[in-house]
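Attaching a single structure in structure tokens format; questions to follow.
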Amino acid sequence: MTLLFVALLALFALAVVGVAARRSPWVGTAVYGGTATACGLIGLWAVGALVGRDGAVAAVLPIGVPWIGVHLRADGVSAFFLLVVALGGVTASLFGWGYERAHEQAADHSGVHSGGESGPVLPFFPLFLAGMSLVLLANDAFSFLVSWEFMSLTSWLLVLSTHRDPDTPDAARLYLMMAVLGTLCLLLAFGLLVGTGGDYRFDAIRQHPPEAGAAALVVLLMVLGAGSKAGLVPLHVWLPLAHPAAPSHVSALMSGVMTKVAVYALVRVLFDLLGEPVWWWGGALMAAGAVTAVMGVLYALMQDDVKRLLACSTIENIGVILIALGLALVFKASHTPVIAALALSAALLHVVNHSLFKSLLFFVAGAILTATGTRDLNRLGGLIHRMPTTAVLALIGAAAISALPPLNGFVGEWLLFQAILNAPALPEWSLKIGIAVVGAAVALAAALAAACFVRLYGIAFLGRPRSAEAGRAGEVGRAMLAGMAIPAALCVALGVLPTFVIRLFEPAVRAMVQAGPFDDRSYQPWIWLAPTSAIGNSYNGLILLGMIAALSVALVLAIHRWASDRVRRSIAWGCGHDGDDPAALSQYSASSFAQPIRRAFGGTVFNARDRVEMPEPGDTRPARLTVCWTDPAWAFLFTPVRRAVNWLADHADALQFLTIRSYLTLMFAALVVVLTLVAVVRS
Amino acid sequence: MTPALPTMLPTMLPIVLIAPLVMAALLALVPNWRLASWLNVGACAVTFAASLALFTAKPAATAMLVLDAFNVALIALTAFVGLTTAIFSAGYIGHEVASGTLNPLRLRFYHAMFQAFLFTLLLALSANNLGVLWVAIEGATLTTVLMVSLYRTAASIEAAWKYFILCGVGIALALFGTILIYLAAQPVMGPGLAAMTWTRLLADAARIEPNILNLAFVFLLIGYGTKVGLAPLHAWLPDAHAEGPTPISAVLSGLLLNVALYAVLRFKMLLAANGAALAPGPLLMVMGLSSLLLAALMLYRRRDIKRFFAYSSIEHMGIIAFAFGIGGPLANFAGLLHMAMHSLTKSAIFFAVGHAVQIGGTQRIDGIRGLTVSHPALGWGLLAGVVAIAGLPPFGVFMSEFLLITSTFARQPWLGLLLVLGIAVAFGALVLRVQRLCFGAPTGGAPIHGTLLPLYAHLAVVLVAGVWLPAPLVAWFQAVAALLG
Amino acid sequence: MIAAVIHQVLHMALVLALAPLLTGWVRLVKSRLVGRRGASVLQPYRDLARLLRKEVVLADNASWLFRSVPYVMFTAIWLAAGLVPVFTTDLALAPTGDLIALIALLGTARFFLALAGMDTGTSFGGIGSSREMMIAALAEPAMLMVVFSVAVLVRTTSLAEIAVYMMGGTVGLRVSLALALIALVMVAIAENARIPIDNPATHLELTMVHEAMVLEYSGRHLALIEGAAMLKLLLYAAVIACVFAPWGMATPTQGSLWIGLLSFLAKLAAAGAALALFETSIAKMRVFRVGEFLGGALLLSLLGAIFLYVSRGV
Amino acid sequence: MIDIGYDAAHLLGALVLMTSFALLYQRRLFSLLNVFTIQALALSGAAAWQAYAHDEPHLYITALLTLTLKAIAIPVALHRIIQRLHIERTVEPALGIGLTMVAGVSLVTLSILLVLPVTENATALTREDLALSLSVVLLGLLMMISRRNAVSQVVGFMSIENGLILAAVGVAGMPLVVEMSIAFSVMVAFIIFGIFLFQIRERFETLDVRKIESFRGESD
């Protein structure tokens, strides 16, 4: 634990450095380097804790709520999530260092002073990481919520570092608002968990779990509270706005890591603090997850902004994780802990997977932004020629998030399906049938995600440049590439050797569902992923990768040996276009790529409409296609709420402009009413 | 028949009270405003030092004065905010004189009134006699009315007039309540001072006629509640905050509201100790919630920055009143903590707002933008203040709101929901405004007059309190929380 | 173990060898059904050979991705085909991946092909890619739901285990299996770009899906892609045969390889004939009606999964 | 002795209450001031009678203060202000006179309802006194909110204070502190009112509160 404390204190100290030395040229290097080191230490500690399996370690600090103190405890779950945070922290620091330097240089070149352009990132970056780590360590309600809110606060400030962008203030405001609403829900939930005694320790809550009604309410509030942070539909609206608004390495942390902290909150409360679960908790979680997964990916398909698209895709992945959590809960409630362990393993594996490839993809978005200055898909294109290394790494990320074997995304999906296929073991009919539907939703989301990332990669990296900036782009610096390469390598490694990771976080799973995913197997060959439950199901990423590599190489050699190997370059055939239109307007754009899917799904869900403005024959103006769609979450939830508050505020405002006599009348009325009440109550 | 009460406190309490009183008289005679402003600081420093010395004393109560767990922290808090406000004021009036808004004669009056106001507040806090308490609060009203109208602008006169009329009526009602308390206590305790003395009343509370206590509490709540700024009695508060000098806004929000609430709480203790009287909790809860919800909504349409934060004070007074209304050791503790934290935070915000208004040359929120860019120290200070008042960690308000919300929801879910709703609505408005104030393209580049030390001193205290509370303070608050029922 | 490896190698070679034959067979039957004589069943072999000999004409701005996709795609589909037992369930690669992995491998192939379609920056590639991904978005879940129905019955997703179980004959006729079969056939039609979803013979721009994506390919690259498409057709036929009609297949403990092989050839012939019959008797639908067709498949497969519980409390 | 004491106190208290009602239906400023003078006189009498009946000499001071300040000084000063500032001599009621009277009667009923059941231990005199003073306070408030004219609001405010004094003198042994504070507050109140009246005159050319209120706090 000492190592952990040192690392956390270092993060706080780095924030101070970031403030105190903000003028000095080496401060970026110091803060990002320090943060990477501290996160590395945290990660090492977490791995040590998971490998050592020496149970939970705890500490009490004499601060916080006076009669409670701050309780910290790290068990398997905490250690696992700490590892996720640390991984994200290391890569984001590395990438962020390069990213900020690149942006400073760009600002120096263009003659605009960077200091006036954006707000500070350095002090809040380590604090954000520290906040997330503390959430994972907290072992009493107060420290949990303080850290939770601190995490929101620092990330809000990080979003606001781009406050000169026209979109940022609204995004930041919505973000903080939703974050605080979520925290208030969590406050209420913990209020119920703690009861009236004021003993905020998790240990005390564990000993006295609430009775059924209160527990149900806690579940609801947790889903709302943690869900709003994770991006549960329809509470996701802030996410596609706020995540992209932050600098890219922060976006990566927010999307890749912070949403996982919300998942941790759900795991901690639903699996640990609430005691024995009831089956419908999991059912509700799965239903919410299914809606979130499908809606999230549909949102992503509608976006033209690279980072916004990635943020929407985060919503989808959170949905998948929630489905897995729900399954685990359902199986735990039905006393089949081994299958629950399988589902929970799927959830946790997807947590680490998503944190990896989403960080990677946000870094890619940052690299694109650095190289081209735009995030608009419709202004990109052809980057594979100008940013070759980034393009390879981005391809790994896109393939991984599309759940393609032999990468890591597929392993998570595979495990999840293995758990889903065990639905017949459940006693509840509604669940059996419901899980089939949820399975369809997962499959749909996965397939749509593949479409979404074909679109992202195809539009941004392939084809011809759609703007001069995209045509001039160049490869980004080494630090940024390294920041991208680490998660990309891990994506491959996890896909090929998933068993290692699943074994690594087995203590976490065991702590939550009291079983491991491989418990029924007496013998577990190390490279085969063959969990419990069904006969013969197994998967081997290593052999798959080996076979693909071997067959491909054999194929290439064979064809080049025995068939033709001549190549001639020519212009692409463009149906009469000579392939020389400089604006590359004849290419498919981001909107046109999404059109078939928009036609198939968007019409009902988003009320999406394509409007074509076709000029008269002879008119030389180009035809225009405009796509308009409405977000149901806004249309049916947030806009009405906003209108209601505005309406009330407008009407309450009359009270500011009354005459003194009217105010006296109010006072008099209050007095008379209260006196009458007293008279009535007494008689 | 009554044991003789010691007539003198062998402590620093007299110094705490006498220093401002003497200085009030003295400052009325000092023509040099620069000297006066530093004398003002000096006097406050003496008062604050003396108030710190009170921590170690355990004096018995006299007929007029008392020092107990309830008021000792509040006295120190008042003296501290008085000191920091005096420091802030020194820089603030420098700018006002430079811009020709105030002349030396008015400043003489201002400084004298400042000390007189502090005296009345400290007297009210340390009073052991209902009459003295009432006189002190009346005095506080009068001095602040005069200071609110200091600028002699049409708006400030109107605000002061509104303030005076509403609080005048309120104070009259409070006096009626005080008389009723005496009326209830007199048959039990006999005529004379004893029936108006806190410590005695509290000791004999169980024997006092509960029906008159009820009646009395209604008048006291409406009366002093007007000064607390509880809806629907709050109308004076936003205007008085907005139109007076900013140091006065800081002490109004930071101190006067607290002292008025302190008075209400003293009487609530009496009712709690009586046992047979109607529980005043529901009344406080209703007024607290309505203040919270109303102020939260009002925040959205405010264009004047000081009025905006004045409504935020109403909101927080609502939260505090609600906390004491729902009662119980946790909620009462939260309420006391919130009182202290709000006092420090809100006055810090007003310090920052004072500087921001002087820089921008306007009180309109639209006219102030991008403070973190143009004046980083001020902008981040203001941001930290608003973040703190919005109830975000790691500041102290978070801890009190945490304790309050968690304990409320377990007991009264619906009330907990309303409370959370109000906080959320208010939060929306706060974020909306603070982002515009602190971020975006800056509007003003004028330098800051005076030091930001008071702002950061308050923020530091609030920050520390958010993560660590000293044990004696906790013990005091817990003792009072138990008494409040 | 050694036997399994030998079987696997044989199996891989067999599917590679048979794939063009199946395509040729389908074309021949189609021709005969519409009254043409049609080309020989061996014509696809000749086509591929010719393409392999030709030079590749690459678009100016084609990237390395464009050039490597044919190999990746072919490998992925070949590997996927290697996972489906055709004449014996005793395959070395069987535990490497199950039905889900198979679907994902096909997804990988599609993913890269769609990317390749966008690489040259022409509008046709984009049309093809976007439509292909839309079709896949519905076809893939439908296929997974079929897997779900089958797996719930059999308690496994391993194709070898499914085949063994189905041969056991304890399953009997089931509504859900029928629904799943229909859904799977619909998916197979869509995935292999057959009528009514797509027309493998057309090059009419506005209706193309698969052909639009590969429009820029030529020479050996095109040969690989065509070969992969043929493999995919064979693969689907094999999957349907393996799950719904595994009879005759050898297992590690019993059955003859020769019988397995012969029965597989017979099944292929039947499947090809059925496909040809179906294609000639139906018209191609508009691209945007494809969603309804596949949505129907998805619903059918979901219904199949739900019917499982109705017909017998599994 | 006690009966007489009771009756006299009752009588004087009732007179104060009656004048409160009378204040409510005055339409002219000067007659308003006259009625207020009568109220102050009655109050002063009540205080003096209590001082005599209960042998509490300090109440004589209260009586004297009330007499000099409220019965003489303030009415005279207000007269002069009205004349000097050429204030409209008629009072514009915000609430109809009839309605005001109905409200007044309801308030008195409420006071009696509140006081009668609750003071079983107190003497009858105290109870009476309390009911009366509560009514006077509430009627004073009613007066303040039912008039638009600043002078009548001042009168209403002072009528509340009269109710307070009536209550204070009715309770046996109330320490002097309170009366002093009342006197103090009345004096200060008057001074401040005076300042305001002048400044309001300076700024708004009228004493009508409505005009002041048209100036809104939220300028934009």
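In order of appearance the chains are A, B, C and D, and numbering begins at 1 in each one.
Operating definition for what follows: a contact is a pair of C-beta atoms (placed from the backbone, for glycine too) under 8 Å apart; a residue touches a chain by one contact, two chains touch by 3 or more.
Model, not experiment: these values are computed from the prediction.
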Quiz item: Measuring centre to centre with C-alpha atoms, which chain is farthest from chain C?
Solution: D
Quiz item: Counting C-beta pairs in contact, does A-D beat A-B or the other way around?
Solution: A-B
Quiz item: If you average the CA atoms of chain A and of chain D, how many Å lie between those two points?
Solution: 69
Quiz item: What is the distance, in whole Å, between the centres of chain C and chain D, each centre taken as the mean of its C-alpha atoms?
Solution: 99
Practice problem: Report the inter-chain centroid distance for chain B and chain C in whole angstrom, where each centroid is the mean of the CA atoms. | Solution: 77
Exercise. Could you put a whole-Å number on the gap between the CA centroids of chain A and chain B?
Key: 44
Quiz item: Where does chain C touch two or more other chains at once, residue-wise?
Solution: none
Practice problem: Quick one: which residues in chain B touch 2 or more of the other chains? | Solution: 161, 165, 169, 173, 211, 214-215, 238, 301
Quiz item: Tell me, which residues of chain D touch at least two other chains?
Solution: 114, 117-118, 141, 144, 153, 212-213, 217-218
Quiz prompt | Listing of all chain pairs that touch each other, if any do | solution = A-B, A-C, A-D, B-D
Quiz prompt | Residues on chain A engaged by chain C in the complex (per definition of touch) | solution = 381-382, 384-385, 391, 395, 399, 402-405, 410, 413-414, 417-418, 420-421, 423-424, 429, 432-433, 436-437, 439-440, 443-444, 446-448, 450-451, 453-455, 457-459, 462-464, 528, 530, 534-540, 543-544, 547-548, 551-552, 555-556, 559, 562-575, 577, 579, 584, 586-588, 592-597, 599-600
Self-check item: chain B-touching residues of chain D, taken from the complex the two chains share
Solution: 114-115, 117-122, 126, 130, 133-134, 137, 141, 144, 153, 157, 160-161, 163-164, 167-168, 171-175, 177-178, 181-182, 184-185, 188-189, 192, 196, 199-200, 203-204, 212-213, 215, 217-220
Quiz prompt | Interfacial residue positions of chain A with respect to chain B in the complex | solution = 62-67, 116, 119, 141-142, 145-147, 149-150, 152-153, 160, 163-164, 169, 172-173, 176-177, 180-181, 184, 187-188, 190-192, 194-196, 198, 200, 217, 645-646, 648-650, 652-653, 655-656, 658, 660, 663-664, 666-667, 669-671, 674-675, 678, 681-682
Exercise. Would you pull the chain D residues touching chain A in the complex into a rising list?
Key: 94, 107, 110, 113-114, 117-118, 138, 141-142, 144-145, 147-148, 153, 209-210, 212-213, 216-218
Exercise. Name, in rising order, each residue of chain B that touches chain A in their complex.
Key: 161-162, 165-166, 169-170, 173, 211, 214-215, 218-219, 221-222, 226, 232-233, 235-236, 238, 278, 283, 294, 297-301, 328-330, 372-373, 387, 390, 392-394, 398-399, 401-403, 405-411, 413, 416-417, 420, 423-425, 427-428, 431-432, 435-436, 439-441, 466-469, 471, 474
